[in-house]
Structures are given as C-alpha cells and as structure tokens.
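The next part holds the structures, each set out as structure tokens.
What follows is chain A paired twice: with chain B in the first complex and chain C in the second.
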Partner chain A sequence: MTHLDGNALAGVLAEVFAVDLTDARARCTGCGNVGRLAEAMLYTGAPGLVARCAGCDQVLATVVDSGDRLWLSLTGLSAIELRR
Partner chain B sequence: MSFITRGFSGHRREPDPQLPPGQTLVHDWPVLSAGPTPRVDTATWELVIRDETGADHRWDWDGLLALGVEDVTVDIHCVTHWSKLGMEWRGVSVDKLFEDVESEHEFVMAHSYGGDTTNVPLEDLLDGKAWIAVEADGEPLTPEHGGPARLLVPHLYFWKSAKWVRGLVMMPDDEPGFWEQNGYHLHGDPWREERYW
Partner chain C sequence: MTQGALTDPATGGAEARLARPQRRAAWHVARVTEVRPETASAVRLVLDVPTWPGNDAGAHLDVRLTAPDGYQATRSYSVASAGDGTQVVLAVDEVPDGEVSPFLVHDLRPGDQLELHGPLGAFFVWRPGRDTRPVQLIAGGSGVVPLYAMASLHGAASDPTAFRLLYSVRTPQDVFFADELASLSGAATHDGSTLGLDLVWTRRAPDSSPDAVGRLTRQTLAARTIPAADRPLVYVCGPTGFVEAIAGWLQEAGHDAADIRTERFGGTP
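Let's turn to the complex of A and B:
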C-alpha cells in the first residue's frame, strides 16, 4: 500500500490548529523517535487518514471526516514541539 | 401507470432495495488500507481464540481448512459509501470455531496481523452470519484484500471484516477497536447507517 508524507496533513490540521503542525516536531510513543510530522508516513486509502511513524510504523495520528464532523486523534504522540 | 413513460427525468433513479442508505454500487473491489500490507505465509499463519480463562484455542492453516470450507454469496457494504453485490466467497463459518469454545463473554475483539483491531458482538459472528474467508471471486485472498484470511461479517460495514485476522479475544464489555476509537460507530450496521459515533 503506497502512502504520502505527512505534509499532506497540512490542510486538515489547519482547520483545527492555528499553526502549521506538520512543521512541528513530535515524539512517537512507540519508539521515542522525535521527528517532524511532515516526515510521517500518511496512509490515505482507508476510512480515514492514518499517519504512521517513519521509524516504527506505529500509528501517530488519525483523522476521520464525516463532512459535518471531524475526529482527530494524536494518541501516538507523547508531545508536540511548537516553536515561537 | 406504466403506460406513461418517465421521459428524460435527469439522473434520478429509484433507490435499489439491495443498497443500504447512502451507498453506491461498484463493480470493482476497492482496496482500503491504513498501513503497510502484512505478508503472512500460510505455513506460519495461525488463528487464536482467547477466552476469559486465558486459554487459547489455536488453528493452523490446515486445521482451519479441515473445519470445512463453504461457499458464501453475500453483499458487502463499505463505510466509504460503496457496495458490491452478490460477491462469491469461500470460508470457514465462525460457528465451527466456537464449537469448542466455552465463554460467558458476549463481545469479541478481532486482532489482525499488522496490529489493527475491531470490536464485534459475539452474536454478530454466530448463527451463520460470519466466516473466516480464504477465497473471493474464485481466487485465494490476496494480501491487499486481507489474505491469507480475513474475517467476513457482511451484514456490518466492511471495516468490521478484519483483514489479516489472527485472533479473536473474548471481552466482557463492548470495547472500541481502532477505527471505533477514532470516530467510527461501535456497531456499524449499514441498514441503520451506523457510520460514526
């Protein structure tokens, strides 16, 4: 199954957050790898978007969009670093 | 009033009684996947049912097939709005697997090779309603479609038909699986349009 990189999350995350989260670094709860969300592997051929860690494949984030509602999960990230 | 032709009435169509609400008929078979495709050799494949005592009931590939593979023709309905009608499958009835399993628990978490999970009430898996499918459209299930074996629960949205199934764990309560934690409905009946929370 092919995937995109995490940059493709920029649009949907811009709906929720005031800053570009794909440029932020975040820590994977699976392997502890710290990397930019843009470097994640983004699987779009699913009932939602699934961002996986480039280091260990663990699910970092999901987005489910029903049209009038959007569910965002970031359970695979222990922290997100936002630079001022 | 059948002698009155409908004329050029645009693209409106009568609802197809075989299609649940909000579904569109497709003739191909779209591949949906939330991660890398697991490649599981039938030589090492196994299926485990774990009951509340922690006891494991295991089947290897030959053991599964020895339970009896039956032909199943069913419609499938994906929550992403496509349906495929009259699809020919072959698989082992989940009833056969549970013949030797004693459990008081009424819910099941299906686990897949690759780590995916989905929850299903036991009553939705028994009485001829679900199979461990090994063939579709006359061919062994490809890895992209969940082979070597996937759960087939055609009366629920197709994400419940867990690809690459490897285990069924009995649960006392209905806990959400992967997509059910992230926005999708706990049950997923397409005729009730149980798509989201």
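Let's turn to the complex of A and C:
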C-alpha cells in the first residue's frame, strides 16, 4: 500500500505533547539515521498509524486511537532533539 | 549557584523553555460561511473560526466528522489561508468512495458547523523574513493548496525572496486558485518581487500552450525550477508517487536533502 509521511502525525501528537514533534529531529534505532519525524513514512492501513524510517524501514512509532484511549509507542526512536 | 544564574528575571526564564508552536494546536468549532466550486471535483470552503490563532503558511488541520451513531472519521486538509485572522480557507478535492471528502464537497452548506483540530505541522511551513534564499514550490494536483498559502503570504508580506511555483495539473479546469495565482504571478510588488508561475499540463493544455502534454519529467523539472547552484529552499506537495519522484530527481540534480521539504497526501478513503 502507499504511504503518507510524518506530517500527518501532527494532529495526534499535538494531543499528547506541548511541542510539535513532527518538526523535531529524531534518531532511528535501526540505522542511526537522524531526520525530522515529518520525513518518516507513515502507513495508515493498520488499526492505527505506523511511522517507519525512510532510510531502513524500521518502525519508529505507532499510534492507536480507540476513542476512549490512545496508545503511543516511540520504540524506534533512540533520541529526539527538541529545540529551544 | 544562585537562582539568578538559571533564569533571566527579565524574561522569566522563557529562553530555557522548549520552543512551543507560535500558534498552539487546539480543537475548534468552525462555522461555514461560504462553499463554492474550486474545480470540477473540489470545493473551496470558507470557515469562520472565532478561536483560531491565525494561519502559518503551509500548515494543515484535521477535520472530524461525527455520525449520528457516534462513529467518527478524521482527515487532514492543508490550510489555504495565510496570516493572522480567524478566517480559514480550505480547498477539498473529492476522494471517490471517501468517508469525509464527499460530505464536505456535496453536503456542506453555509451555516453548518465543523470540528477542527489545528493549526498543525511546523515542518512544512514557510515564514517570511527567516531566510533570504530563493524558494521553489512544486505542486502536484491539489498539493498546491499549502504552497498557494505560502505564495499568498509572500505576496502579502512583499517579501523580497525570489519565489517560483511549478504546478503539475491535469487540465486548465483542474487548477486550484487559478485567479489568485494568476494575480500573484502578474503583479510585481513594490520591490519588484513576484511569483514565477510555471504550469505543467498532464492531460490537456490550453489551446494557447506551446508545451507538450504529459507527466512532469526530470528534464522539465530541471529546466523550469531554480537551479541547485542557487541553493533554493524547495517545498514539494502532492500525491506520494509524485513527491518521491520529484524529491529523488532534485537530489540527483544536486539539491541537498536538507533543503527539500516534502508533504505527501494519499487520498485516504
């Protein structure tokens, strides 16, 4: 299936974080690539959102919204840079 | 060590806080003030959002529809309006068999209310006065919406940065914001800056057009965009396949990956 990109994570992440994580640089635990979360590949076909590294396909983050609760995993991000 | 060493009393320590979006995302209730055809398959929605914090050029928002049985569907749309104010303009292209866009295109009427979450996304945003490098915008189809917002802010701010838009579109009837783009590209501002507008017709060209009809090629891209040697900031928005082809060609032509900002849409049903 085709994918979107991490820009489309901005809405759900804005419900959780006070800063915009899609514009933050983050490091992939798979290949060490550092890029903006907005540049990740985003798959929307699962019962949730799956963000994968554009370099190595590693799962960076998953978000599942069931209405009454939200599950967020950032398992593929070893570091996130938040600028002052 | 004193407290004074940690925070500057004049700013209350604001410099030590993480950068918050200038316009914080929140849920809003919008009232539709105008619905009009934009193209054969798209409408322009003008919304009044009293609590809206203003528009960053290139940002998007989420629209949430709730069915009578409580079922909810949310889709992202780029914001076409730019600058301060509580008016939000969207241009929504119908995705056949979609859950949200057919309702917005066919059923929405002035006076109706919509739930919005936004403004969203700081990555695909252009702000005037930040950088003096030229800006190249590249749009595929309805991907022109956030780029139109950038071009319109550039025009309104009389920003001296060189701005060009390469717009790949099916036919003359499919051009979004046709009159506004013509006006932006025709009217030089007081400092001489204007929008350079290049259209690529993928299905049918106007009779007056000397260009061949067909998909945007690597050669056309190179010939009708700001060269890599000028180090432009490049914003690309369109369907996923379009964006990935363009981003690849740009890098092969010598543009630095960090100078290319992309936003893909997939037409989720």
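Brief remarks on what is shown
Rule of thumb we're sticking to: the second predicted complex is superposed on the first by the 84 of 84 C-alpha atoms of A that agree within 3 Å, B and C clash if a C-alpha of one lies under 4 Å from a C-alpha of the other, contacts with A are read in each partner's own complex, and residues count from 1 in each chain.
In this section, contacts are C-beta pairs under 8 Å (C-beta built on N, C-alpha and C of every residue); 3 or more make two chains touch, one makes a residue touch a chain.
The structure presented is a predicted model; accordingly, all values stated were derived computationally and were not measured.
Applying the stated clash criterion after superposition on chain A shows that chain B and chain C can sit side by side. With both structures placed on the common chain, the touch criterion links A:W71 to chain B but leaves chain C unconnected. Residue by residue along chain A, chain B and chain C are tallied for touches, and C comes out ahead. Vertex at chain A: the C-alpha centres of chain B and chain C lie 120° apart in angle, rounded to steps of 10.
Residue contacts after overlaying the shared chain place A:V19 against chain C, while chain B stays out of touching range.
Residue contacts after overlaying the shared chain place A:R83 against chain C, while chain B stays out of touching range. By the document's definition of touching, of the two partners only chain B reaches A:T62; chain C does not.
By the document's definition of touching, of the two partners only chain C reaches A:L4; chain B does not.
Applying the stated contact rule after C-alpha superposition, one finds that A:R52 touches chain B and leaves chain C untouched.
In the superposed model, A:E39 lies in contact with chain C only, and not with chain B. Least inter-chain distance for chain B and chain C in the combined superposition, rounded to the nearest angstrom, is 10, based on C-alpha atoms. Residues of chain C touching chain A in their complex: 15-21, 25, 60-62, 72, 74, 76, 117-118, 120-124, 240-241, 261-266, 268. The touching residues of chain A, when paired with chain C in their complex, are 2-8, 10-11, 14-15, 18-20, 22-23, 36, 38-39, 44, 67, 82-84. By the touch criterion given at the top, residues 1, 43, 45-48, 50, 52, 57, 59, 62, 64, 66, 69, 71, 73 of chain A touch chain B in their complex. Taken together, the chain B residues at the contact with chain A in this complex read 31-37, 78-80, 144, 159, 178-179, 181-184, 195-197.
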